[in-house]
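One chain, chain A, links the two complexes that follow: it is found with chain B in the first and with chain C in the second.
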Partner chain A sequence: MSERFRQALDGITRVRGVRGALLVTDDDGLVIADSVMEDVRGGAVAALAASLATRMGKAAIGARIGESHFLHLQAESGALLVMPAPNGVLVVVLAERNVNVGLARLEMLRAVEVVK
Partner chain B sequence: MTPTRAIEPWIEGPLVQFVTEAGARLTLIMTPAGQVLAQHGFTRAVDVMSAAALGAAIVSSTREIASTIGEEAFTALNHQGIHHGIFLAEMTTPRGPLLALVVYGSESSVGLVQLFYEDLVRELFAACPEVEQRKPVIAADFERDLNKSLASLFGR
Partner chain C sequence: MSSDIRSLSAELARDPDSLVFLELGEALRRRGQLYAAAKAAVAGLERHPRLADSHDLYARVLVDMGHLQQAYEEWQSTVELDTRHLGAHKGLGFLCYRWGDLDGALEHLESALAADPMDPSVVQALRMVRDAAADLTDAGESAPQSMFEGLEGARHGLLLFDTRGRVLGGGMSTELGEDVSGDVAAYVAGGSHEADRSSRILELGDWEWMIVEGPGGSMHVSRSGGDTLLLVARDGSVPSGRLAILADRASTVARDWLEAQQP
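Moving on to the complex of A and B:
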């Protein structure tokens, strides 16, 4: 993994409650770089998050509310956060239920700046 | 919706689940020789035969390239187009190696296809019945068997 990508992901994974952070191609759903806990299936998270983000993006455009900037899926025991970056990259974060979403989002914005 | 059809019934369940989850438009399950065991999405027999022959040839060619560069095998191959992608991979079953040729559109992705392909391989391995003793292929039976297979694949 390149140093630039490592730095982008390290900031996110330092947030308490984050179980993994990935840079994913939005059209292919493939992992560019990741930093995830051992029990997290990075490839599966990447593929499904990219598919979800693509569909949500289409829904947002269909609803005439503009492009999607941030996706927060709150589930029973965790959360999935997705932020599109330029050049067709998605910043994907898998976190525990009690994660500080605001802080995670701030680190994701920093990661977007690094990868663009 | 185009039905999924299989000559070998144990393939149908896992294949239906795969095409549903991965959003595949067309799928073939075949032997490395190009003999089709199941298909989804094809409407013409001639397309099935062409795709199977070309897919088997591609796998055979890449196996030779792998051998040339000292690689044991390439397990999967993906071609990405503007509107469609093709995913071609070889799997191992108790009955020997099988190939999967998957065509997907913009509603899916190579990541999704790869993800659910792993499940397909696992489920086909589990569903595969005991190995049967293969009968020798007799030239006189070949055309009859081929027509019977195509009839099964297209429900005729």
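Moving on to the complex of A and C:
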């Protein structure tokens, strides 16, 4: 993993409650770089996040929201956050339910700046 | 055991690396011996994990066993290995249709048609899905738009629909007044199945809501009891927290309305 990618992901994983951060290709959901806890299946997170982002992206365009720039899935025991970068890369975060989404999002924006 | 299955089993026993497991698994599936068919498919997959047909066989068995989500995943693996796999696109089209994701169903059935333009079952399925899409639009047009009367954006940014994408109430329209309720419901219903799958595989528990933000605003999708979904969309001037409050209020109205519909 390149140093700049590692630093971008480390910034995200330092946020309390974040279990993993990944850079993922948006078309096929492959992992470009990741920083995840041992029990997190990075490949599965990447594939599912990309697939969800594609589906909900179509919905957003249909609802005239436009190209999605942030997706937040909130579940009983955790959250999945997805932020597209302009070059076909998704910044994906898997977090605990009570994560500070604002802080995580700030670090995701920084990661987008690094990868674009 | 019938003679064909016996001879296929014997052939596989002689040469465990042979592809005869495909024929054997399919024969067992057709006879309704689903456990044996699954066993043959899994054994074949272990020996031939990069063979698209082995994933396709297992997916068909899984569908017959009622494990639709797993079948979907196997067919996804199939098309990753062979993007023009007829059986997988037909299967995915069927599952998308069954889940109300008409957009996904059309996409896969059109891919199936491209793989084999002469397959009558694909032509028939495409016709059925297109008819269903037309019905969905009609249903959207006749849904009670006034359900959310009194709430902010009642007729153009609040939509209640089921997980098959059928509009139950409210409405969604563009700034020019174009009704996009049916399309949006179909897309979001498809997205909700992805959310189900993601939450299950990542062990997040049931998903509660999703927010998608874009340059034109935000949309908040939540469950509204049973298999119904509630969508609230607003322009960028409404912060996410406010959107969640609106969604909560609309959800209460929707639940009351749904209860009133019970016989």
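FYI, the second predicted complex is superposed on the first by the 116 of 116 C-alpha atoms of A that agree within 3 Å, B and C clash if a C-alpha of one lies under 4 Å from a C-alpha of the other, contacts with A are read in each partner's own complex, and residues count from 1 in each chain.
Simple rule for what comes next: a residue touches a chain if its C-beta (ideal position, glycine included) is under 8 Å from a C-beta of that chain, and two chains touch if they have at least 3 such contacts.
Just so we're clear, the structure is a prediction, and the values are computed from it rather than from any experiment.
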Chain B versus chain C on the shared chain A, clash or fit? clash
Regarding the shared-chain residue A:G43, is it in contact with chain B (first), chain C (second), both, or neither? first
More chain A residues in contact - chain B or chain C: C
Which of chain B and chain C A:S51 touches, first, second, both or neither: both
Touch check for A:S77: first (chain B), second (chain C), both, or neither? second
For A:I65, select first, second, both or neither according to whether it touches chain B, chain C, the two together, or no partner. second
Which partner does A:L94 contact after superposing on A: first (chain B), second (chain C), both, neither? second
Now for A:L9: first (chain B), second (chain C), both, or neither, which partner does it touch? neither
Considering only touches as defined above, state whether A:L23 meets chain B (first), chain C (second), both or neither. neither
Which of chain B and chain C A:A33 touches, first, second, both or neither: neither
Have a look at where A:V115 lands relative to chain B and chain C in the superposition and call it first, second, both or neither. neither
Check: chain A residues flagged as touching chain B and also chain C 28, 44, 48, 51
For chain A, which residues are in contact with chain B within the complex? 24-25, 27-30, 43-44, 46-48, 50-51, 54
Help me check something: in the complex, which residues belonging to chain B touch chain A? 80, 108-112, 114-115
Under the stated contact criterion, what part of chain A meets chain C in this complex? 28, 41, 44-45, 48-49, 51-52, 55-60, 62-80, 94
Which bits of chain C are touching chain A when the two form their complex? 80, 103, 172, 174-175, 180, 183-184, 187-188, 190-191, 194-195, 197-199, 201-219, 231, 233
